[in-house]
Each structure stands twice: as structure tokens, then as C-alpha cells.
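Input: structures, listed below.
Each of the next two complexes has subunit A plus one more chain, namely subunit B in the first and subunit C in the second.
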Partner chain A sequence: MSSLNFDPLQLSIIVSALLVLVTGIYCLIYSRNIIRMIIAIEVMMKAVTLLLAFSGWLMGRIDLVQSFIITMIVIEVVVAVVAAGIALSVYRHNDTLDIDQLDELKG
Partner chain B sequence: MDNLLLIITGSWIALPLLVILICNLLDKKTGKSWALPAAIVVSIGQMITTGLGLLQLGLTKSGFINFTIFWNVNDFEEIARSAWASAFFSVDTLSLVVMFAIGMVSLISVLTAKKMNPDKALNFTNLLMVLIMGMNGLAMVADLFSLYVFLEITGVASFILIALYKDKKGLEGSFKYLIMSAMASAMILAGIAIMNAVTGGVTFSHISGLFASGSSLHTFHAISLVLLVAGIAIKAGLAPFHGWLPDAYESAPASVSVLLGGIVTKMAGVYAILRLAQDVFINAKGFNYSLLLLATVSIVYGAVAALKQKDFKRILAYSSISQIGYIVLGAVCGSPLGFIGAMLHFFNHATFKSTLFVNSAALESQVKTRNIEEMGGLAKQMPLTGTSSVLALLSTAGIPPLAGFWSKLLIIIAVWQTGHSLIAGIAVFASVFTLAYFLMIQRKVFYGPAEEKFAGVREVKGGLAVSQVMLSVITVVMGIIFPLVLLFFQTRGMI
Partner chain C sequence: MNLPILLLLLGLMVVAAVAAVMIRSLLKSAIALAALSIVLAITLFFLGAPLAALFELSVCAGLITVIFISAISLTGNKPKEEEEEKIRERRARFLKLPIFLLIIGVFVSLAWIANGINISGISDPAAPTFQTFKNLFWNMRQVDILGQVIVILAGAFAVVVLFKERDQA
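Up next is the complex of A and B:
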């Protein structure tokens, strides 16, 4: 069981990780290009990786968290590849990566 | 007997993988012709093995089975206690009931696919197997990180399935689902990381022990809970986070819509809520109250929004949002009765919603449109589709003696008993809306004045007809024997 009173270094790691997460979400919401959105997802996942590594350091079980992070990286790559494949097919249909062109489904 | 059970439990993960290997190692032509039959065998096999598993649980009266895959661990208790352990599975009544539903909906989906996509059979089967494996794993997880891993496996397989034909609509629906789902995963994982940091472990038993001890919540506990609830609510499609759900359902091919609407999004979101509400956050008030609020909003919003839709599948999608609300309501209201109601409503929802999606596939293949304004008077030409959709809609709206009535009744009684009488009233009132939009479908599609141009329309045959009959029989029989099922579960100590 870890102590819940973080020292300034630990607190700064948590806060910066959450800031990167928020940056990723902001980028995801406000970009209008599919590739930019995929990059935003990657930024979010980097923040989460930092948080996971930090949590392992805090509880003194880096070995467990290493296995978590490697599993997570594999999954992240799969999601990125699928997203890129969809982006490619969208480009072939629309000749543009603009997200505003994806507007057929409404209601 | 224990060894037999371990083989059965192993087969839930191993069998789909085996089918992928066999179908892809053969040459392409043989692989294509064997793919759909192999998928049927896997789904029927899963229904049989989960039935056997339920019987075994009932006979031993133990309530759950713990096991590992690929390696052996002797002392499960010790693993559960040591906070860093991971990757072991646990099966209880809830998992077996939802796994039976997974087998059933997969079977229906394959029967639908037989008619709809002849050249994509191999791709479809491969992805379906990955999906079944992911959902089975999800049903058996015992720690938060494995939950995330199987959520992603399920998610990735369904993104590709939605865009199976690479048409414009499919790609759009799939991309919207992918973006929302990736955001949800990042939130869930951040929540898991913070939970890991402040509680020192990710297994369900470890975290629930800390919450049960009644120590006051730290700020970071609260942040972690908020992230987890928001992430899972996106995956489930609860009301303020539902944006992707109707688009994904509408754009997917017919057989994939059956899967998505019947089981996939329910497993990814609602099952995660059921599992966490039962095993982990049973004493976390913030988790329960926030989900109670989201569920009530979903029930009302889904029912009202369905009234304005024109597309058959979109109406079903909004109806799903509403029904998801009922399941979550039962799960988080905090009484065991509500939880049983939620579990059985999960199963009933899989039955009647897949019936309705099969009806939509039947209409699409015969009438070539899904716009309900263009149809009319089809009940004469398509008696089977008409009758099965009437049964499914009455079950959805909760009319006795069909299956949906009992589970909804249990949920509403439980919500009333736990003191949320206002929410129970809203839930009953929203049922009336459910009946309203389904009567609207019936009047516009199957009854009302017959259109000249549909004179040549014939009833569907083959897989679609078989699945409609099968699901209608299950709906009616479940409704009649429902009290007996409850009695069996209760006397055997399974719930």
C-alpha cells in the first residue's frame, strides 16, 4: 500500500501526465484532419503510459507494470494500424482527409 | 469432473483461435467454404458448454470457478490476495449467462451472414472468431487490466467488421466508433493507472476489499472513479455519450448489426458495468449514483429520440440506448434483486434485439429499403417476419407473459425498494414510449395500407427464417418458464 501523501516530484508527474491527456483530448476534439486525430489518440496513450509507469514506481512493482505497458503498446499499435487503414480507405473514397466530409450518417 | 470443467473453460478461448488457424492454413477456396460452418460449430459448441457449465455450478453450489489459461497455479486465494497478480480468470453465473447469449447471437449472425455476404465469408469468420474470443475473455476477467485488454480486442474486431465492405457509410460509422472508443480506452486506462497507484493493485478482490473497509475516499480515488465511469459509459453508449452508437449500427452490414446490437456493445460497456458494480465498487457510492443518473437519462432520451427516426436500424439503435439504461439501472441500484433483473434483462435484450435486427435484415433483402415511411402492409406477404417482430417488440416493451416483462419488473421493483421511487416512476413511464415507437413501426411497416409496388415481395427463406423462428421460440419459452429459471438459480445458490 503506497502512501497517499505525494511529494512535489510525484505530484508534478501526475499533473503533467493528466495535462498531456487533456492536450490529447483537446487535439482530438478540435482537429478536422483524420491523421491529426490518430496522432491525438497516440498522444493520449503516451500520457496513460506515463501514468502507468508512475503507478508502478509508486507501489514498488516496476516488473508488473512493465508487462502491462508492453501489452498496452501492442494493443495501441493494433488500434493505430486499423485507424490508419480506415483513413486510407476514406481518402480513396473522398480524395480528402477532412473529417467534415464524413457527414452521411445523421438523425 | 473438475478436469472436464477446466477443459470446457479453456475451450472458450482456444476453440475460436483453432478455427482461425484451420480456416487460414487451408487453401483459399476450401477455407472459404469451411469458414461459416466452422463458425456455426463454434457458436453451438459455446451454447452447449455454457449450459453444461451452468449445470455444474448448480450441482456443486459453489457459485464460481477460478482458473488459469496456459499455465497452472495451485493456490488461487493467495494470487487474489497478492496485489500484483494478474491474468487469471473467474467464471460465475453472470459470466455463464452472458456467454450463452454470446453463443446464441453469434449463431444468429452467422445464419444471417449466409445470405448477405458470400465473398466475405472468410474475413467475416476470422473477425467473428476474434470477437467471440474477446467477449469470452471479457466475461471471465478478474482484474482491471485484463478487462482493458479484452475490451480492446472486442473493439478492434468490431471496427473492422463495421467497415467490412469498405463502403462510404461503413467507413464513417467505423471511424466514429474508433475515435470514441480510443478516447474511452485512454480514460479507462488512466483510471486503472491511478487506481493502481493509490490502492496498490488491480485485481477486483483487492480493490473491493479497500472500498469495503470503509476508509474515506482520497481525491485520487475520486479522479480514478470519474475516469472509469466516463470511459465505460462511452463504451456502453449511455445517453450523453451515445453519439457514435446509432451511426455504427446503421452503417454496419446486416449480420454485423445483429452482432453489435445483440451483444458486442453490451459486452464492452454494460457487462463491464455489471461486473464492476457487483465485484468491485459495490460500496462506492459515487460510482453507483453517477451511473444511476446516466441510466435514467438514457432510458428517457433513447425512447424519445427513437420516435423521430425514419430508418429501421436507427430506431433499433435508439431503443438499445433506452434498454441499456434499464440494465444499468438494475445493476447499480444496490440490491441483489436488481442485479438479477439486470443479468436476465441482458439475456432477454440479446434475444429480442437480435430478432429485430434479423427482421431488419429480412426487410432489407426483400424490400430493398430500410426507410419505414416507404413500406406498408407487409404482414400479409411476410407473415413470419411480421409475427416475430410483434413478439420481440412486445417483449421489449415489457408486456406479460413475454420474457422482457419479468426482467423489467424485477429491475423496477428493485429500484423502488432501494428508495429511488422517482426513478422507478420514470422507468415505468418510459416503457409507454417504448410501446409507442414500436407500434409506430408496426403500423407503418407491417400493417396499414398495402403498397402496390410490394405485391411481388415474398417471405424470406433459409437462415433468416430459421433464426427468426428460433429467437421467437426462445422469447416465448423464456417468458413462460421464467419463474422456474429464477427458482433454479435461487435454490442452487447461484445468484
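Up next is the complex of A and C:
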């Protein structure tokens, strides 16, 4: 491993976090279902959590980063709950979760 | 850290993320998201963040999955009523994703290796975590904790408003 001029661990973590982030962005762009869009946001947040933990591990400040991750998880849960509530209320109003059919800005 | 185990975990993470996005059934999607959370929790544990891993496991893999499953069952998961045309269109859209990911992964890896990038840092902290974490979380970030409490209360208030039954007939 010492003959390599790069750290395979750094490369694998950053590439996989990037791939998970891209998966979430792709789903957010191409999905038409509100619940699947919330799932895409969650997937993106997982990638950010991994990158945060990796940065803390790399710099030796894992305690600080742990407290950031816990704050982020709390925000993540509130976002998921509120978004699911909005999706539910959209469904009750329009009887659909397809964003292409939500084209009426009435009442 | 054991590199093969980490590589296996990271591979599982990418597979779970792609599954959460690509599976047609929303219920199975939510379960794939829970699997992604579990794999991320194990990775966090390996990176030396056991408390964050515990939170990830209990809150993200547990609570969020329950929220998603209840939202999906309340909105009615009806894949049978989807038209054949729509399903085919969706499949065509999402089949490009693995190819896209493969291209990005290979491109970034090759660029990284060609440039010999190394992020410098202290790679193996030997300091005890819990005592310092306690001090950091409860003594140095009190404003953040207050902010978290406000966010949780705002979330609870939003849920009460959103889930309220309307009086109109």
C-alpha cells in the first residue's frame, strides 16, 4: 500500500459518498412521486453524513463532528416528518402524489 | 481500519442507495433506505463515531422508516393502476442511473489516482471520545441544542397542523 501515491481509503470513501449524492440528485430531478422525492433527500443526507464523519476522522476531531452529525440527524427527522405531512395533505387535496398533476393553484 | 470491510460497507451503501431510488414499490424503497441507514451506522462506528452511529441506527433506520411506511400506507400504494406506458417511461429514465454512476465513479477515481491526491490530516486519533464529546455537546454548543429543541417543537407543531382533519363536509 505504501507504493501507491494515494490513500485507497480516502478515495473509496469520497467516491462512494459522491455516488450516493449523485443518486439522490438524479432521483430528485427525474422522480415524479412526492414520497420518492423525500426518499431522495434522505439519500443525499446520508452521503453528507458520511462525508462529515470522514472529515472528522481525518482531522482527528471526531467528537466535534459527532455532535454535528447528531444535530443533522435531528434536522433530518424533522424535515422527513414535515415533508411526509405535506405529501399526505397534498394527497388528501388532489388524490394524487404525481407532481405533474399538481397544476392547480386553487384553494 | 480494515480496508476490505470498509470497501464492502461502502459498496453496500451505494447499492442500497440505488435500490432505494430505483425500486418501483415505495414500500420496498423505504426498506432499502433503512438498509442504507444501517450500513451507514456501521461505517460511522468504524470511523470512530459510536454515538452518531447509535443515533443513525435508532432514529434514521427506525423512526424515519416508520414515518415513511405510515405515509405510504396512508396515501395508498397502488402500482396496479399505473399505466403500462408510464411504467415503461419510468424504467427507461432510471435505467440510465447505474451507467451514469459507473461513468462518474470511474472518472473521479482515475482523476484522483492520476493526480495522486492525498488529503492530509491526522488519520488515527487515539483520544478518548466520550468525555470530550459530552463536554463539546452539552457545554460548548448550548445555542445549537436550543436551536434543535426549537426545530423539534416546530416539527411537532407542523405535524399537528398538517394532520388536522378539516371540519368542512
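Simple rule for what comes next: the second predicted complex is superposed on the first by the 97 of 107 C-alpha atoms of A that agree within 3 Å, B and C clash if a C-alpha of one lies under 4 Å from a C-alpha of the other, contacts with A are read in each partner's own complex, and residues count from 1 in each chain.
To be clear about the criterion, a contact is a pair of C-beta atoms (placed from the backbone, for glycine too) under 8 Å apart; a residue touches a chain by one contact, two chains touch by 3 or more.
Since the model is a prediction, treat every value here as computed from it, not as a measurement.
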Joint occupancy of subunit A by subunit B and subunit C, clash or fit: fit
Which superposed partner A:104 touches (first subunit B, second subunit C, both, neither): first
If touched residues of subunit A are counted for subunit B and for subunit C, the larger one: C
Partner chain(s) touched by A:89 [first = subunit B, second = subunit C, both, neither]: both
First, second, both or neither for A:56, with subunit B first and subunit C second: both
Subunit B versus subunit C as contact partner of A:73, first or second or both or neither: second
Which superposed partner A:64 touches (first subunit B, second subunit C, both, neither): both
Contacts of A:37 with subunit B and subunit C, given as first, second, both or neither: first
After fitting on chain A: smallest Cα gap, subunit B-subunit C, Å: 5
Set of subunit A residues, in rising order, touched by both subunit B and subunit C: 14, 18, 24, 47, 54, 56, 58-59, 61, 64-65, 67, 71, 75, 78, 82, 86-87, 89
Subunit A - residues contacting subunit C, complex: 5-16, 18-20, 22-24, 26-27, 30-33, 35-36, 38-40, 42-43, 46-47, 49-50, 53-54, 56-67, 69-71, 73-78, 80-82, 84-89, 91, 97
For the subunit B and subunit A complex, residues of the former touching the latter: 83-84, 86, 145, 148-149, 152-153, 155-156, 159-160, 163, 166, 168-169, 171-176, 178-179, 182-183, 185-186, 189-190, 192-194, 196-201, 218, 220, 246-247, 250-251, 308-311, 314
Subunit B contact footprint on subunit A (complex, rising order): 1-2, 4, 14, 17-18, 21, 24-25, 28, 34, 37, 41, 44-45, 47-48, 51-52, 54-56, 58-59, 61, 64-65, 67-68, 71-72, 75, 78-79, 82-83, 86-87, 89-90, 93-94, 102-105, 107
Contacting residues of subunit C [partner subunit A, same complex]: 1, 3, 6-7, 10-11, 13-14, 17-18, 20-21, 26, 29-30, 33, 36-37, 40, 43-44, 47-49, 51-52, 55-56, 59-60, 63-64, 67-68, 70-72, 74-76, 90, 93-94, 97, 100-101, 104-105, 108-109, 112-113, 116-119, 121-123, 125, 127, 129, 132-133, 136-137, 141, 144, 147-148, 151-152, 154-155, 158-159, 162-163
